[in-house]
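I'd like to ask you about the structure that follows.
Think of it as A, B, C and D in the order they're written, each chain with its own count starting at 1.
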Amino acid sequence: MLPLPNFVRKDRLASRHSALPTRWRQRVHELLGSINDSENPGNPMAEKQIEGDVLLSVRDLHVQFLTGAGLIHAVRGVSYDVWAGEIVALVGESGCGKSVSSLALMGLLHGGDATRISGAASLKGMDYFGLSEEQMRRLRGREIAMVFQEPMTALNPVLTIGIQIMEPMLAHLGYSREKAWNRAVELLTLVGVPDPERRLGLYPHQFSGGMRQRVMIAIALACNPSVIIADEPTTALDVTIQAQILDLLQDLVDELKIGLVLITHNLGLVARYADRVNVMYAGRIVEAGTTSQVLRHPRHQYTAGLLKAVPQLDMPRQELLETIPGQPPSLRALPEGCAFRPRCSAASDKCLEIPALTRSTQDHSDACFHPFKDNGVYPAAGTPEPIKPAISKEALLTVSGLTKHFYLGRGATVRAVENVSFSVPTGGTLGLVGESGCGKTTLARLLLRLEQATAGTFELDGDDLLFKRGQRLKDMRRKIQVVYQDPFTSLNPRHKVADALVEPLLVHKLRKNRREARERVEEALSLVGLPSEMGDRYPHQMSGGQRQRVGIARALVMEPDFIICDEPVSALDVSIQAQIMNLLVELQKKLGLTYLFIAHDLAVVRHISDIVAVMYLGRVVESGRRQELFAEPRHPYTQALLAAVPSFRGLKGEGLSRGPLQGEIPSPLNPPSGCVFHTRCPLATDECRTAVPESRSLTETHKVACVRA
Amino acid sequence: MIPGKTFIAGLAAATVIVSAAPVAAQGEPQYGGALRYAVSDDPANFDCHAANNFAVLMRLAPHYSTLLRFKPGNYPEIEGDVARSWEADPEALTYTFTLHPDIQFHDGSQLTAEDVAATFERLAFPPEGVISERIETFRQIESVEVVDELTVRFHLKEWDTSVLGTFASPWNCIYSSELLESNPSYPSRVVMGSGPFVFEDFVAGSVWTASRFENYFREGQPYLDRLESYTMEGQAVVNAIQAGQVHTDFRGVSPQAAERLRTALGDGITTHVGPSLTHFLVTFNSQSAPFDDQRVRKALNLAIDRWGGVAGLGATSEMKYVGGPLMPNGQFSGSDAHLESLPGFSRNIEKAREEARQLLAEAGQADLSFTLTVRDGPPILVDFAVFLADQWRRVGVNAELKIVQTPEWASALTNSNFVAITDIYSALREEPTEQLTKYISYDLSHRSAGRFDDPVLDDIWARQAVETDPRARLDLLRKFEERLMEQSYSLPVVWLERSVAMDAKLHGWTFSPSNFLYLDQSGTWLSN
Amino acid sequence: MLRYLLNRLMLAIPTLLGVATLTFFMLALLPGDAVETMLRADGGNPTPEIIAAERARLGLDRPILVQFGDFLWGLFTGDLGSSSWTGKPVLDEIMLRLPVTLELAVLGMIIAVVIALPLGTLAGIFHGTWLDNLIRIFAFGGIALPSFWLGMMLALAMLWFFNWLPPLGSNSLFSDPIRVLQQLTLPALAVGYRYAAMLVRMMRASVIEAMSEDYVRTARAKGLPASSIVRRHIVPNSLLPTVTIIGLEFALMVGSLVVIEQVFSLNGLGRLFVESVARSDLIVIQGIVVVLTIIFIAINLLVDLAYAAIDPRIRLGRG
Amino acid sequence: MRNVFPPPSHGPLWANEPKRLPNWVELIRNYPFGVVGLLVLVIIFVASGLAHWIAPYDPLETNYANTLAAPSLQHWLGTDTFGRDLLSRVLYGGRTALFIGVSASIIGSTIGAMLGITSAYIGGWFELILERFLEVLLAIPTMILALVLVATMGRNLVFGIDFNLVLAIALPIVPNMARIARSQTLTIRRQAYVDAARTLGFSSSRIIAWHIAPNIAGPYIVMVTTFVSQAILIEASLSYLGLGVTAPTASWGLMLAGNAFNSALTAPWIVIFPGVAIALVVFSFSMLGDALRDIFDPKASAGR
């Protein structure tokens, strides 16, 4: 293993300080003083921990940006510590300051005087915020490293990954190229990239997303740093790959005694991997403690609300989710006092003051005047739901043998959708679940007639829609509507909300004139819980949740029978997800709508669907009623998916199974022969490699396409 | 340097050096050196007989001899070139030429009467597939007879004194009869004559090189070792002269450019300035309205302030002299008083314009508007058209310029596809019969641009051509001018000045009013 | 990689055919009789018989589609017809002038690249500073100054201060490279400046964009020194869009060549083109357009090669 | 290299939001070149638009008694070889340049944008054929294409403006704009709101006109600005070669054509002022275009 860099040794700290300009020396001492001063308003848990094995210590970190839109105070006094060999999670919704604070710690923010930072941070006891940019640079990658969210863009496309892994060693450790190369081979082996010697000569585009993230981790590990900050390291990855990557990080932390800061919005990941957790809201840590304390006994109202709002696979399904009302605050105009006050059911006048983070037990603190009382939010991991009969026998939508091939020329064919059949009962919801590239979105586009199917039929109400043209296609379009994933791109930025909603009514002549159409639009807006004055806004003047409501209203004005929801909540913050899902459920009840609900999140699908179909590489591998499929998954892929989903019932160290699925998802351009899943399947036999498994009926509703199930 | 100051100084210094300085005044010729000069265009092919662009002649003249030539240093006197002597016999309608013995072609063969006869037969009676641009000039020739090896006799249809000048035309390059026999169009591809310089190489678009012909028949000539002529045009020429890259452009440069060169190079530059045989004219289409009305044509003639124009434009451009169809201050021109009495030449422009407006009003064309077709080429052609339009604007007539490329312009001219068109006419020498072919009826002369039919005018032209009494001929010419300007079919407007700026080291070249002469460089030499 | 190149080559063929077709019909459908205008190019006065004979000689009396077929076949066999002005094969006329134009273009391109890449990089990494502003003004100047004006002013300045101009005549790059350099450097500066300006702008924009890319953040997180981030991460990636522009801007540079060759009396294709326009020598015009298109396509092919050399995603294919 | 990534200041925080500068000051600070370009253009537009009233002389009015006069109080920029007032000619020349530049740019860009949007949206054979065709046009160097066009089409004066000249300058713009519009449309087409419009049963023409075209307005304006400068340069070059604007119309390129440079050393004003005028206008359009690009496409100016 590598020696520690000598410049961070404490005995040399003094001499380093003397090398700094007087102004800075003074500043460093001030800051050091303030850390040792126990009255600082920072994290009370930190007091005793200043010495010992603390690797990274953050005190009262503030970050401000001066932007064209005004002053943004993104981080407002964040303090926490990271010890060797532990994973500390920073969890919160978008804009809570979790990423900005870590970039500040890495010294990666720039912008000169337009960005201001105050507070202190020390690595192994050495305050490093006062260092010059050049000294800071020597620390980055050497002592503190970072893994970013987007493995697709975080690697330089024109350099081999070998060079990219070797760079920090050459820059910091003065290694010869040969030595760096050997170490790079070692590192790739360590992060689980097979055939490392050959792979070092390859370029990033020759790697899959999961592999790239492993390379990123290898880069971070190159100089054997003491702290790694992982900023949403798996958000862009599929759930089975996510588990692989986090298991890897967990192992590295255990083995190398690194301190890992895991930044995430996913409470399930926190539960499964973090030792301690800091919950952030509007630039502050509102609750901190060990993972079990915070997740099992949340004290801040926000934490509790968040935990309730997220559907969990291992908890009984509720008809409606409990939601946190309102929108996350804008950092430019925070509410006075506790930032969560306007959304908090327990808020009182007292909350007009800013609550300090105070310790409630040895390893748990919170910043709430009215802490949440644990009154059975979490019934024990429950009995399985009883299997109820399907809502309706009568199918509104029947799809059979639907196939879509994209021809790329030179004989290359992407089999995006292959022989898919299912039906959706009137008034019911079919949940379609699968990882990226499984064909679920293509399927939606086929049903919407945005793509023309290669083969198959689909009937709505007994009417075959696949080859309709002209006016009849237009009529069909009225009956089938869609809610898109990304509320930022699904609304035309140049049209006011009301205009966007009035337009289809007039085009389809559903209303005689603009005034009547406007009335209908206001009706639809109120149905989705938006005040009618929202109609006069442009999309960019609204929040993500509001836009998604507009997207739903746009589908509703057409009075459709059938709505396709294409990942409608995956781009939304956790607290907003629940609101939208509840809205969909309520609308279904009220209007008797039928849904096709596409998602990659199994918990969300379980929450909302009556029938679930699991897709893998263009095929439906298993389908059935929600209750039977989740209680008794038969296909090995379904089982693996379920196992890979982290849930905050199963905490770290509670003996969960590891590494559910190995390998990568094969390319749909060149799918495996026989059963497409056989390359990753633990049960695969020779038969699976040759024969395409037929869909077998296990019960009247439960079908599986696997010979071994 | 202060620009304004230079400019004023320049004006004062203009037109100092007088033209046609005798060769002797320049001292003893020195041998050697390469003459580099600019030529504005490439030859399409190498056949003198088929060409009529002086740029072609600038390239070809040094390679060929002619029967007679204009005497160096003594324009417009004519002397023999390959002809040692000649006899005219008006009774027998013959010209008999005796050639120099010992004239060699560049290929070593002897130049004999056969070659002269073959050349002139080719010019006057071109065989199938050969283009001769001189058929009209030689319309008087009946036949060519080879008397003996050194004697050739021309039989004419009728007697014409002007024909002697025609024999001196530099266009009549003498070709080898032997080669012509095998291929009548060899001259278009091969340069092989008996002139002072032997063709070396031609890079299209770039440079034409020639070297001294050691066996040139004139003793001691030529003086130069080499000729290099570069294809270049416009501002690049002046730049190149200034930088010393070329010695000169024999066509001449604008006074403005000459002034610039004098300023920059001082004594290093010699400028030969004098009147030119080139003039600009404008022709109306007399066959169609509104120019079928003489009043309209005359009004437009009256509106042109020729005197004022040359006073201003002459300062910066070659448009320097006012004259009728014949060169002002020449052998055949009338007095200033007569000129000023002609319509359009009055010094009292206000009165003339008043009359013009009145004529227009009478003709019902008070706000006439028409298109003037203008040949694109040297910028001065456009400037000329701008001048005309400006003059007409002052009597309320709007002339829209239509600037076209030379081919389209030529087509418009011959097909009478124009309303009004500008034209340029360069003559070889002062010879009214030939020069006035531009101004007579079209059925008599294809050179004439105006599609009019005026027996009166034609009659005067025919009479002066055969008039042997010089005074009576001059009177006829004045009558011609009066009729022409009154009818205003085609209007001579300005006569150009020729100003050739050359490196002061260049000597022995003769300045003449014509661009076409003295281009064989046989007497040209460079001092050290 | 090879397949990528072949693919590019195949794509060039329809473009070339299209250009040939377009120019052929544009010129063939000219109003008026082309032959007659050609014959008058020298101010001559041809008789109808001569015109008819010439038409027959050039094969212009045949149906237009037959002529077109002939033209395409000629193109295929390297026969672009004969100049109606000199009667010589158009290909010869063009090949005579091609070296100068190519040398000038390449020299201009080299000057542009040598000037533009460092300046663009500097402007990009120091964007918003006075240095950036200076470089931007330099670049705007290159875009704004008309080439002919700049060329003429350069020539006059040379005359004024040094009484020197580039040597005249045709010089071969192989026998006398020094003279060729003397002859072409000044005009190449005039065309290269504009070219450089375009590249500076592109390079600057690409550098600015690259600086905010995730991989640069990664490189910073590794603690690499700024110089090596610029050298290894920012510049190679910024070169990609800039290299594309090098190919595309060539088309614009040809426009400058047309006037610059005029100004410096260079015996190149641009000058031949302008002269042929004045002589209405349609067959030469047609030939030049086709040849320039081939050069343009070839240059873009080279650019694609360079692109592939820099970008492993193309060199090695996807995944 | 030190300040490549200027580090943030580890200083005291802002207690309150610092007072923001007025919008126009911000604009000047952020886009100094763009603001200068805009101002110069406004001045030039006004001056040449009002040339009829501002110009001290008629641009065609000759004075043979006062040719090539140096700049003076009577003639601020001097006179040319016809004794015409150079200031008036420069002003009227601006009118010519701007009219031809702006109209050619708008015509070319609009046709190009329509073709680009339509082909990208409709796709299929239409796109394939159109794309080939545009590639053909793109492969012919701009100036050569314009030259061939003016040489073949001849002149066609409509109200004193050579319409064919405008077309010849506009045509090379078409494929360039079409390419840009096409790539923009392909991006926009992938946006969910276009899909949404299709699933709402809107016709293609409605989607193109109401949903795609307005979202291309930004790049369109940027490109129109860029192409104006290109068009002005081409007009000047064509006129310089004698194939553009017809004399005696005042045009900057024409003022430099012919023998103008012969007077460059004796009467430098006649070549300097028109050259400077061209450069200034193109300079300003480029600066404005760059600033507009930064404003409409913040990605290109990331990190500002």
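Rule of thumb we're sticking to: a contact is a pair of C-beta atoms (placed from the backbone, for glycine too) under 8 Å apart; a residue touches a chain by one contact, two chains touch by 3 or more.
Which chain is which protein? Per UniProt: B = Extracellular solute-binding protein, family 5; C, D = Binding-protein-dependent transport systems inner membrane component.
What you see is a predicted model, and the numbers here were worked out from it, not measured in a lab.
More inter-chain C-beta contacts link the pair C-D than the other of A-D and C-D. Each chain gets a centre from the mean of its Cα atoms; for chain A and chain D, those two points are 46 Å apart. Measuring from the averaged C-alpha position of chain C to that of chain D gives a distance of 22 Å. Inter-chain centre distance (chain A to chain C, centres taken as mean C-alpha positions): 51 Å. One finds 46 Å separating the Cα centroids of chain B and chain D.
The set of chain C residues that touch two or more partner chains comprises 152, 156, 220, 225, 262, 277, 280. With touch defined as above, residues shared between interfaces to two or more other chains in chain B number as follows: 234-235, 264, 376, 405. Within chain D, the positions touching two or more other chains are listed as 2, 5, 151, 154, 261, 264-265. Interchain contacts (touch definition given at top) occur between A-C, A-D, B-C, B-D, C-D. Across the complex, chain C meets chain B through its residues 32, 36-45, 50, 85-88, 93, 96-97, 152, 155-156, 158-159, 163-165, 167-170, 262-265, 267, 271-272, 275, 277-280.
Interface residues of chain A, counted against chain D in their complex, comprise 27, 62-64, 66, 68, 70-71, 73, 104, 107, 109-118, 129-130, 133-134, 136, 445, 448-450, 473-474, 477-478, 480-482, 484-486, 489-495, 503-504, 507-508, 551, 554, 558.
The touching residues of chain B, when paired with chain D in their complex, are 3-4, 6-7, 10, 234-235, 238, 253-254, 256-257, 259-260, 263-264, 308-309, 311-313, 315-317, 376, 379-380, 382-383, 385-387, 389-390, 393, 400-405.
Contact residues of chain D toward chain B in the complex are 60, 62-65, 67-68, 70, 81-83, 151, 154-155, 157, 242, 246-248, 257-259, 261-269.
Contacts from chain B toward chain C in the complex involve residues 36, 41-42, 44-45, 51-53, 131, 133, 188, 203-207, 228, 230-236, 239-240, 242-246, 264, 376-377, 405-408, 410-411, 414, 446.
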